[in-house]
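We just call them A, B, C and D in the order they show up, numbering each chain from 1.
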Amino acid sequence: MSVPPEDELPANITVAARMATFFRGGGVIAPIVTVLVAFIAGGFVVLLTGHNPIETYSAIFKGTGFNWFFPWLSEDDRIIAALNLQQTLIITTPLILTGLAVAFAFRCGLFNIGGQGQYIVGVIFSVWVGSSFDGLPAFVHIVLAILAGMLSGAVWAGIAGLLKALAGTNEVITTIMLNWIAIWVGVWVFNLGSPLQNDNPAQVDVPVSNDIAASAKLPVFWGDPQLQGLHIGIFIALAALVVFWVLLNRTTLGYEVRAVGFNPDAAEASGINVRRNYVLVMAICGAFAGLGGALDLLGWQFRVATNDIQTTKLAFFGIAVALLGRNTAIGTLLSALLFAGLITGTSVRNLDPTVFEPQLATNLTYMIQGLVVLLISTDVLVVYLMRLRRKRRAQAVTA
Amino acid sequence: MTAKRVGWAGVALGFLAFFVAVPPLTVRSPLVVIVLAVLAMAAGSYAIAGGERRLGWSAIVAGLVGLAGGYAATQSGVANLDRVVVWGALGAATLRYATPLIFGALGGLFSERSGVINIGLEGMMLMGAFFGAWGADLTSSWILGLLIAIAAGAVFGALHALFAVTFRADQIVSGTALNLLAVGITGYLFVEVYGDLGTPDDLPQVPNVSLPIDWLPLLGDVFGELNLLVWLALGAVLVTWVFMFRTPMGLRLRSAGENPLAAETAGLNVVRTRYFAVMTSGGLAAMGGAFLSIGFLHTFTQEMTAGRGFIALAALIFGRWRPGLALTATLLFGFGSALAGRLPVFSPSGAVLFQALPYVLTLIAVTGLIGRSIPPLALGRPLPRS
Amino acid sequence: MADAPALELRGITKRFGALVANNSVDFELRRGEIHALLGENGAGKSTLMNVLYGLHQPDEGQILLDGEPVTIDSPRRAIGLGIGMVHQHFMLVPVMTVAENLVLGAEPRSGLLLDYKGAAKRVRELSSQFGLAVDPDAKVEDIGVGTQQRVEILRALFRGAKVLVLDEPTAVLTPQEAQDLFVVLRRLTEQGTSVVFISHKLNEVLDIADRVTVLRRGEKIDTVSTEGATERSLAGLMVGREVLLRVEKPEQTLGDPLLTLEHVSAVDDRELPAVDDVSLEVRAGEIVGLAGVDANGQSELIEAIMGLRTPTAGKITAAGKDVTRCGPRDTLAAGVSHIAEDRHRRGLVLEFDLAENLCLREYKTPAFSTRGFLSPSKMVARARKLLQEFDVRGGDPETRAGALSGGNQQKVVIARELTADPKVIIAAQPTRGLDVGAIEFVHRRLVEERDAGKGVLLVSLELEEIRSLSDRVLVIYEGRIVAELPPEASEEDFGVYMTGGGRDERAA
Amino acid sequence: GSDEEEPAGGGTPSAEETPAKEAIKVGLVTDIGGLNDRSFNQLANEGLERAKSELGVETRVLISKANSDYVPNLSTLAQQQYDLVIGVGFLMADAMNTVAPKFPNTKFAIIDVDATSLEAKPTNVSGALFKENEAGYLVGYMAGLYIKDEGGGTAGSVGGQKIPPVDHYIAGYQAGVQAANPDAKVVNGYSQKFDDPAPCKELALDQIAQGAKVVFQVAGGCGLGALDAAKEKSVQGIGVDADQAYLGDQIMTSALKKVDVAVENEIKAVQDGSFKGGDNAIFDVKSGGVGIGETNEVGAKYADQVKEIQDKIASGELTDIPDTVK
């Protein structure tokens, strides 16, 4: 269901036809055009609500921090842009990883709605390892905590894979259920009097985890380490993109995964163990999502409270990120950037209340995100309109 | 004695092992529980040996669950048991928890039986919740409020159909988009319209239906005082079944979901059928949302559907895209939720953990009893281009 | 107006992008006529008929029914105009019953509800009226393709078809079933129905049709009367060159047994017995044909051999190795190749490119990967070589398999399975839906393998194919081997055993 | 809007109207409950709005969507040279502990957090602590009296999550009920949610079925469900934080926590230079920072008796009100 539908070329090669080839071949232009259309549609919504779309959008764009790349920025503005860009990239990191968790499953014909739960489990275990074992060498501690997050995510998602392989249970149900189970288990372990609640005497009443040890914190290479500067997790996420691509396109495992995703019967007939693939693929997805959780924790959050676990939506955006990126590596990267930009750009912090009221801004964000995703869901929209025109022309000819 | 019968008997025995230990029977001897549970597991083993593997394993799991639950019950105080296991109250609460899910699952059933994946149920529900409240407030009539909610859901359904059917978009993506949009639209309007104080306290409400059956032992407590929408939900299950499996329109709708090209060559209009199905889907899901806002809680809060659309989707798959089975799934889930709310009596420190109960129950049930559920053949696939 | 043809297509042009599937095609169907449409794979036959049925819109041209120009923009319209079509790939809903499928779109009602009783009754009436036996309450997924086709024909008649289009109806039928169908068609034409009949089987065309129109690469070549036409002349028109219609087979040199089945039984997906105590042996250097009507356990037998289905009893030995409980991977590794009966389901990953499809068996070997990492360049290089060797046209190694025509797709499967250097080849329906040129190629390759000392188990519904290729023939009926016959045995002999007639005789 | 300076020359009309007050910039960071939580975020904003109109300060509100928004939100405001940055909610303690020391020239205030307990001991943070248990005690006392008049029964309370501000209320409430009516039973439950009203309603219905005659909600948006259950079953409901009398006749009264007053006080303190960092402002019955809200007809009967207790608490005569739930 992830494969974009085929469309045929018009007989006479026009500009539109050339564009259509592009859409089918590279698929780069279509998403870009569609994002533009989505923003224009969003602009109408802004207008409808009595605000100035151009001001709103330029405020949002400033808020993403992408204007940091503009050479003409003043020094003051550059400082702010840098802070914003750091935030955008910090959010990009888990979005890439939870996106990959969805994308990889999709390529094997599985729909992993469970990125959320896998992310949370990753958070739980990495905060546990990260806050224990104080005194380890930093590198070892970081690697251990990251591995804990990845492994636990893998195991969690592996349950869904295993149930699918052994009992044929639909992974959509199991991952939804596992999400909620992860949430409640997560809330429980950090709750008052529970095993992983912090042991700081000043915080006995607070349902929050221990802070992770200094030795487990990821180095920050841009910005203030304490004020959520940009940590090296972004590079790990980028590396994960490469791993994803290589795994999928250059390994026998990826070959099997794609074969199973496209045609499980043919895969089985040619000797591929389909069930083993389901388990393995889900586990790898879980590892991606769990890594996302671990990096968030070790890079900038440092602790997790029970209400974080209940309210986090980042992992959920992973679904949209993956689908928008058509389950490819480069697509996931670009759409993760887009979503992260939207999230920081529309955060109240960046949206001047004289441009847009804060209470409304949050909801406007959802609307714009929804519109972007909706319009992107059909990057054949342009093609569709084109076809319509052609059909009319054809009718005009026959009439 | 077929293995199948023994297997089902085993499942029943497993439940019985738990049931005897709680009110009204409240057997205090662990031995009874253990004997029943062991019998259940033995029956399960027999069924496995007789080739009924899934059923046999279900009986064994039921035995284990019965053993654990029943044994725990024999060890806990009678007073606590009497507080937790009040079947009448549990039954009524189960129905209340299940109602939005029933509407959602039936909505999903319409859409998915016609071949359109509807992951936007959550959004459609939320639309129903807000527009139900707003509509009822504006018109001072719960009937009009309900109708407005249904209309809002149907409009959202039409939007889904526009993208999923006409534009042939990826249906999961467009559904996800609808969920985001719904949060945005309802949140925005809520803040604009109701601002700080929220919906007014005189919001028109869907009335409860009082039946003069107080004297009936258990049924009186469960069914004596239920919201009209609860009854409508139960009725909708029946109507949906008749529609889907007994009317020409249902046959056409299902054929569009199984083999759209075949439907088209049989002279049907698959596009129109799917529009109808997805819009109905939106309307039904919206009724689930309206139950929350003007049926049960008499207020609207942002994102108040809190993931129920996804649970409804799970119940639909669990129920193998069949109305009756989906109802069973929602009831199981509702029962788990109702029970979870009461279990903290036993262990306050485990209170949070009990919240996971309905999800764990669903996971066990779907794996044990249902296993592979085969979706409509053309689910997610647009009509091939001509 | 009275002598206007029942149907006339004038100058129909249909393009798919840059490809011209029909180029200004004229076609005329007289009332009460059976008119065959002949052409190689991809010649544009189905496209032309889909235009007529409203599934495709023509880019140019005109359709006249009884001399009146009509626009057909949907199957609805076509049905309304009295056009019925039985498609090459059946258009039925598998999970529904025969009656439901049949009345779909024109359901009898009682009040708001669907009148199921009335529907079943209607089916029975039609069924006896046209002599097409079907059980209205059976689910379509449970009945054989022959019956499915009867359902399709009945549906068209139920909707009042005056013009009936049959797209390759006999591809899935036994000779007997085909003859039965022809009887029905003749009866229909007597009642004034006009029939378009598409087939690759020249003998059938000569048998049943009054006239033949030949298409080649989207263009109409000629319309000829079947009187005086021969298979050779028609084949020549179709392909544009002389074709070899018989397989040349040298003397065989028999070797050791390579595939042995001892008392093998298996059940189908619904756990009903499908293969019943089958024993057989295939030796090096022979082609053993397995003849039988569809759905008599052939598929399950093949799956049992390939490790896709675990036998409930018996023993299977391939190339000296016991593979009874092996999965597909080990079975393949033992030296078995499998030309799957449904290439789209089991033979190919349509979304993979040709290079990837060609190494589905061997991607894990050092030739294509080292320590889990693939070597795309090696895959492409080998694919290039194979595509040339097996004369696969219309694609290079990077082409998606789904973009090839069926015949070329089959060549890809065969290329992959034969280059694995197997000892045993299981060839299931290796020429299903292929045109004469492609069939010729496939047959030649199979005989070459036999001559090279391989053992071939040929499973086919085409008796003609089995008889011309096999060294000896086993007949399967309801999961049992009911006879072993020499290929020279008469068609009648085969027919008796294939339809279960010989069983009592044998037992006696 | 980073380049905004103080209004030049002080010649603007607003400056003329409030010449005595310095036009300082005040920023407010909500917790993840958001501005429409009908609870303390909303109250804090009301305080801010009041300060804006009455004290002529320039304001900005940043809503947090996740706990991880706290640090950037607080530091953004500090970086933009806001004079006072107020954080709302006890989960913001860590963030405050991180940010405040980085901006020693900015003044910070934090609601529900003991400023002296912050690890970094910042001297520019003032804490605002509320004695919710005193407010809980007052409404509990009223509930106890009512139950006594009804001939006995149970007093129920529905909490969101088991966290300090919630438990303070409930502990006080239970003590108050029992002080007024030693025979009354108390029941309590946590919905584990703050946003979804359904579980709160179910909890309340359950308590009512067990004989609860009064239901006290301490669960923000979720708690609205509990009050709706009270309405549906015609028992008394008690609101929390803000005065929730507007929810209907069933609201016997509300336990108030005047976050708006706290916010306004902190702003005033900065304006007149009396702001004191590294210390806490305590809001209790005595200071009028917590209390009891409007009463309905039923509640009005006991208003005098409750007032007596209120005075006792204010005078220090009544102490030892518990603040943890057994």
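Everything that follows uses one rule, which is that contacts are C-beta pairs under 8 Å (C-beta built on N, C-alpha and C of every residue); 3 or more make two chains touch, one makes a residue touch a chain.
Quick caveat: nothing in here was measured; it's all calculated off a predicted structure.
Trainee: If every chain is reduced to the average of its C-alpha atoms, which one ends up farthest from subunit C?
Mentor: Following the centroid criterion, the farthest chain would be D.
Trainee: Where is the C-beta contact count highest, in terms of which two chains?
Mentor: Counting C-beta pairs in contact for each chain pair, the top pair is A-B.
Trainee: What whole-Å value do you get for the distance between subunit A and subunit B if each is reduced to the mean of its CA atoms?
Mentor: 29
Trainee: Find the geometric centre of each of subunit C and subunit D from their Cα atoms only, then give the gap between the two centres in Å, rounded to an integer.
Mentor: Chain centroid spacing, subunit C to subunit D, equals 76 Å.
Trainee: Let me have the rounded angstrom distance from the C-alpha centre of subunit A over to the C-alpha centre of subunit C, please.
Mentor: From the centre of subunit A to the centre of subunit C is 46 Å.
Trainee: Cα centroid separation between subunit A and subunit D, in whole Å?
Mentor: Each chain's C-alpha centroid was found; their separation is 36 Å.
Trainee: Going through subunit A residue by residue, note those that touch at least 2 other chains and give them in order.
Mentor: 8, 184, 187, 191, 306, 359, 362
Trainee: Two or more other chains touching the same residue: where does that happen in subunit D?
Mentor: Residues 34, 36, 162, 192-193 of subunit D each touch two or more of the other chains.
Trainee: Which residues of subunit C are in contact with two or more other chains?
Mentor: Residues 57 of subunit C touch two or more partner chains.
Trainee: Strictly by the criterion at the top, what is the full list of touching chain pairs?
Mentor: All chain pairs meeting the touch criterion are A-B, A-C, A-D, B-C, B-D.
Trainee: Enumerate the contact residues on subunit A facing subunit D in the complex.
Mentor: Of all residues in subunit A, those touching subunit D are 76-77, 80, 83, 87, 184, 187, 191-192, 202-203, 205-208, 211, 224, 226-228, 296, 300-301, 303, 305-308, 310-312, 347-349, 352-354, 358-359, 362.
Trainee: Touching subunit A in the complex: which residues of subunit C?
Mentor: 15-18, 57-60, 306, 308, 327-333, 338, 340, 345-352, 356, 360-361, 363-364, 369, 372-374, 376
Trainee: What does subunit C use to touch subunit B in their complex?
Mentor: Against subunit B, subunit C makes touches at 50, 53, 55-57, 74-76, 79-80, 85, 87, 90-96, 100-101, 104-107, 109, 112-114, 155, 159.
Trainee: For the complex, give me every residue of subunit A touching subunit C.
Mentor: Residues in contact with subunit C: 3, 8-11, 249-255, 258-259, 262-263, 265-273, 391, 394, 397-398.
Trainee: For the complex, which residues does subunit B have touching subunit C?
Mentor: Contact set of subunit B toward subunit C: 242, 246-248, 250-252, 254-255, 258-259, 261-269, 377, 386.
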